[in-house]
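Below is one structure; the comments refer to it alone.
In this document, chain identifiers A, B, C and D correspond to the written order of the chains, with residue numbering beginning at 1 in each.
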């Protein structure tokens, strides 16, 4: 068995990452957003790409009490000496319902674009929205439990994509689907940050699975703020007390 | 019960993170390194702090086959649809032996500096090294399984710290301990990247527990490259085959 | 918000689990297999059900170096003080490829049986196998990387199910599909332990999702033996060395 | 590199676990408690040992809303398709504060007993309690947030240990420490289930680290009931709503 990898290797006096020398080419030169771009695409980020990945990842870091940050804080309550477990618990909920949404958006946009066959973006957007509604299918990237009717991150992310030159076909398709969806439903509908991020990342050439990776890693970063606060000013016990105080036991076996 | 948090909150049309408006103040303006600094200190990063955190975190991201990346790839093998689990598995080994080292370095340096009482850095460095050797205690931040006698990241990290104005007392203490340790042992000893990082982060004012958080989050980012490669060019099965082929079962019950 | 649960609750002097008093009705009277049955069905296990759940779970505990146990040992290498993280890493690979197989078997058997409409088990088995082969779909519960042509656990599990009175329709369907598959392929094909377990658990009335839960919990138990051995007689470092020694770095960026 | 293991191995037609043939010696003959005993001791359980391990593990499975089960349910909310992640999140809090207590109890009892030097159990119990109080050290195994003044599991566990012949020196020491602690404090103090379990497991010859393993694995089993209920009758969203409704954002940066 020979295990082949192109990610990286190290010798006694050097570390190589994707063909670059870590110490000469990367440390002090790249930021984490640019590095993340290389991780998920295999090619070096230009300044625009690095800026956009930084922004997209910061938009999905954790900014308050979410299932993810609550799970992390409750885990810290039992095992404060193993804070890596609290971070892990916080990202384990990054699945189909939360945080996986940008991947789903990516899959839809890429599929629809691949079936374009010369038609206008408006036409294929309309077709996809009608198809999804007819088959009672949830369109990923739309709706939000809190941000209604506008997710404040969405116009900022699209604005950044435009100024960096990445507001391209997939973003236009997402926006066209948004307009079509609002027209049919007769009301404003949130195009959420995962929807905007998924579209921008498509236009930057990422695979959908890479999009979820970015969301997971950004959450790991954001959870640091939660756990630092939990360490100095804890609420974990308070959350537990609150849940107990509002629980009703009812056995109907 | 009232749960108090200063990390963040959101309303229908805004998201606040540590007193700043995410959409106006952060997206497109901060990079992930600067954001990470705010997460673990609670105060805004200046450009130097953001640059240093980016470098320190990139130095501990995963650049090859380590226990962390192997565990992540083996987890992906069984559950490719739940890639958040693979990332989580990869960071769960960030404990006392690996990746927690910068935290331990931070604890030592802060403790020694607090007991300084007007003495020179050389004096307290000598005292600590002698104390550790006498009590057969392992000094964190020294030694490396691969990088001998020099961890190539260490001079680069200290160089960056110097040019950004953060090569201060704790870095000097770490370097003085290094010299003393080599003098006593009569041979070159690696001052590893965790040692350099822990010292720099002390000089930037971080708590030791925050240092481990940075290492964990940086690993989450680095693991993206491993899992993206595992998806397109897998080695997980090969690792398993290799282990099986080299295993000897011996029951001595 | 009122949070309703029927699982359990506790007062100052009692603990209730699914309508029973833990101290009076359960401790010293139930074994873990019977308890596991209650967990996943909500109803008390009779002796046969407890025996079968014990056997099914023991069949999927970990008995050697698997991706799961290797990931757990590598995690322990970095964080021996947080052994819960090593167990967690070991179960995170229990997904669609490994350990989730009994759930998939359960879904197939229940779906096929629901579409029976008075036909014989042989007829619907034949139809399902032909359908799967025609659509190039992998039939869960068949094949094994090591146990060929017979998984030694399968006849034992079916034998136990028979003697406890649970070798019913779903088991017969699984066996009929097995015969049909071998007939069409013209060679012996392994009906693996996950296949047998899924069929037996169907005949015991479990939901498919509950089957994966049993596999995950049984793995948590089995991993104890791996981690106890890793503590006293470690191989984690050896696995890492082995991987490194057999790795070839090749950057084709 | 040769990797040596005595846990288990498999060939095409057999599976061996700690020197026994899984199919001939274990399936249908052992229950999970007996298997767990073998996992953590390396020797076969007699009927008494199997019964006690079943009881001890059932006493620490999860019977209501605890940090562990809340974290598991919140994780399920985001990733229902990856239920192994929810189980993992639920056990990651099994650390120094929760669930690790039986290990700590084991360490204390073994240390105190090793320093006995011919004295009576009452004498060494008194000495240890006085020492801990004088140095302001928390004695593990005492106190409980809910069960006051008696943890209802404790008398049942000690009763079972007695009838199975395992109420030996370490149990007596724990009980003597309990009496001494209550005498000094002048009030009733809970000897909790972790305290009773740790003492019993000491008398059965387990290493302290093995005790935490049992607690973790038992929690994995108990969490099945939580996740099965969450699937059919969810409260995860309700917990999140409750937390949000009781949160106050206050930035004092």
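Heads up, the rule we're going with is that a residue touches a chain if its C-beta (ideal position, glycine included) is under 8 Å from a C-beta of that chain, and two chains touch if they have at least 3 such contacts.
Computed from a predicted model, the values in this text were never measured in an experiment.
Undergrad: If we look at chain C and chain D, which chains touch each of them?
TA: Common neighbours, chain C/chain D: A, B.
Undergrad: Find out how few touching-chain steps suffice to connect chain B with chain D.
TA: The distance in steps between these two chains is 1.
Undergrad: Looking only at C-beta pairs in contact, point me to the busier pair out of A-C and A-D.
TA: By number of C-beta pairs in contact, A-D is the larger.
Undergrad: Quick check on chain A against chain B: do more than half of the interface residue numbers occur in both copies, making it same, or fewer, making it different?
TA: Same: most residue numbers at the chain A-chain B interface appear in both copies.
Undergrad: Determine the centre-to-centre distance between chain A and chain D, using the mean Cα coordinates as centres, and give it in whole Å.
TA: Between these chains, centre-to-centre, one finds 37 Å.
Undergrad: Averaging only over C-alpha atoms, locate the centres of chain A and chain B and give their separation in whole Å.
TA: 24
Undergrad: Taking the mean of the C-alpha atoms as each chain's centre, how many Å separate chain A from chain C?
TA: The answer is 32 Å.
Undergrad: Where in chain B do residues touch at least two different other chains?
TA: Residues 1-6, 8-9, 16, 18, 42, 64-65, 79, 81-82, 84-85, 88-89, 92-95, 99-100, 239, 242-243, 246-247, 249.
Undergrad: Which stretch or stretches of chain A touch chain D in the complex?
TA: On the chain A side, the touching residues are 64-68, 70-71, 74-82, 85-86, 88-89, 92-100, 236, 239-240, 242-244, 246-247, 249.
Undergrad: Across the complex, what residues on chain D touch chain B?
TA: Listed in rising order, the residues of chain D that touch chain B are 1-6, 8-9, 16, 18-19, 42-43, 79, 81-82, 84-85, 88, 92, 243, 246-253.
Undergrad: Under the stated contact criterion, what part of chain A meets chain B in this complex?
TA: Interface residues on the chain A side: 1-18, 22-23, 26-28, 30-33, 35-36, 38-40, 42, 50-51, 54-55, 57-59, 61-65, 69, 82-85, 87-89, 91-95, 99, 146-148, 150, 152-153, 156-157, 159-160, 207, 209-210, 212-214, 216-218, 220-229, 231, 233, 235, 238-239, 241-242, 245.
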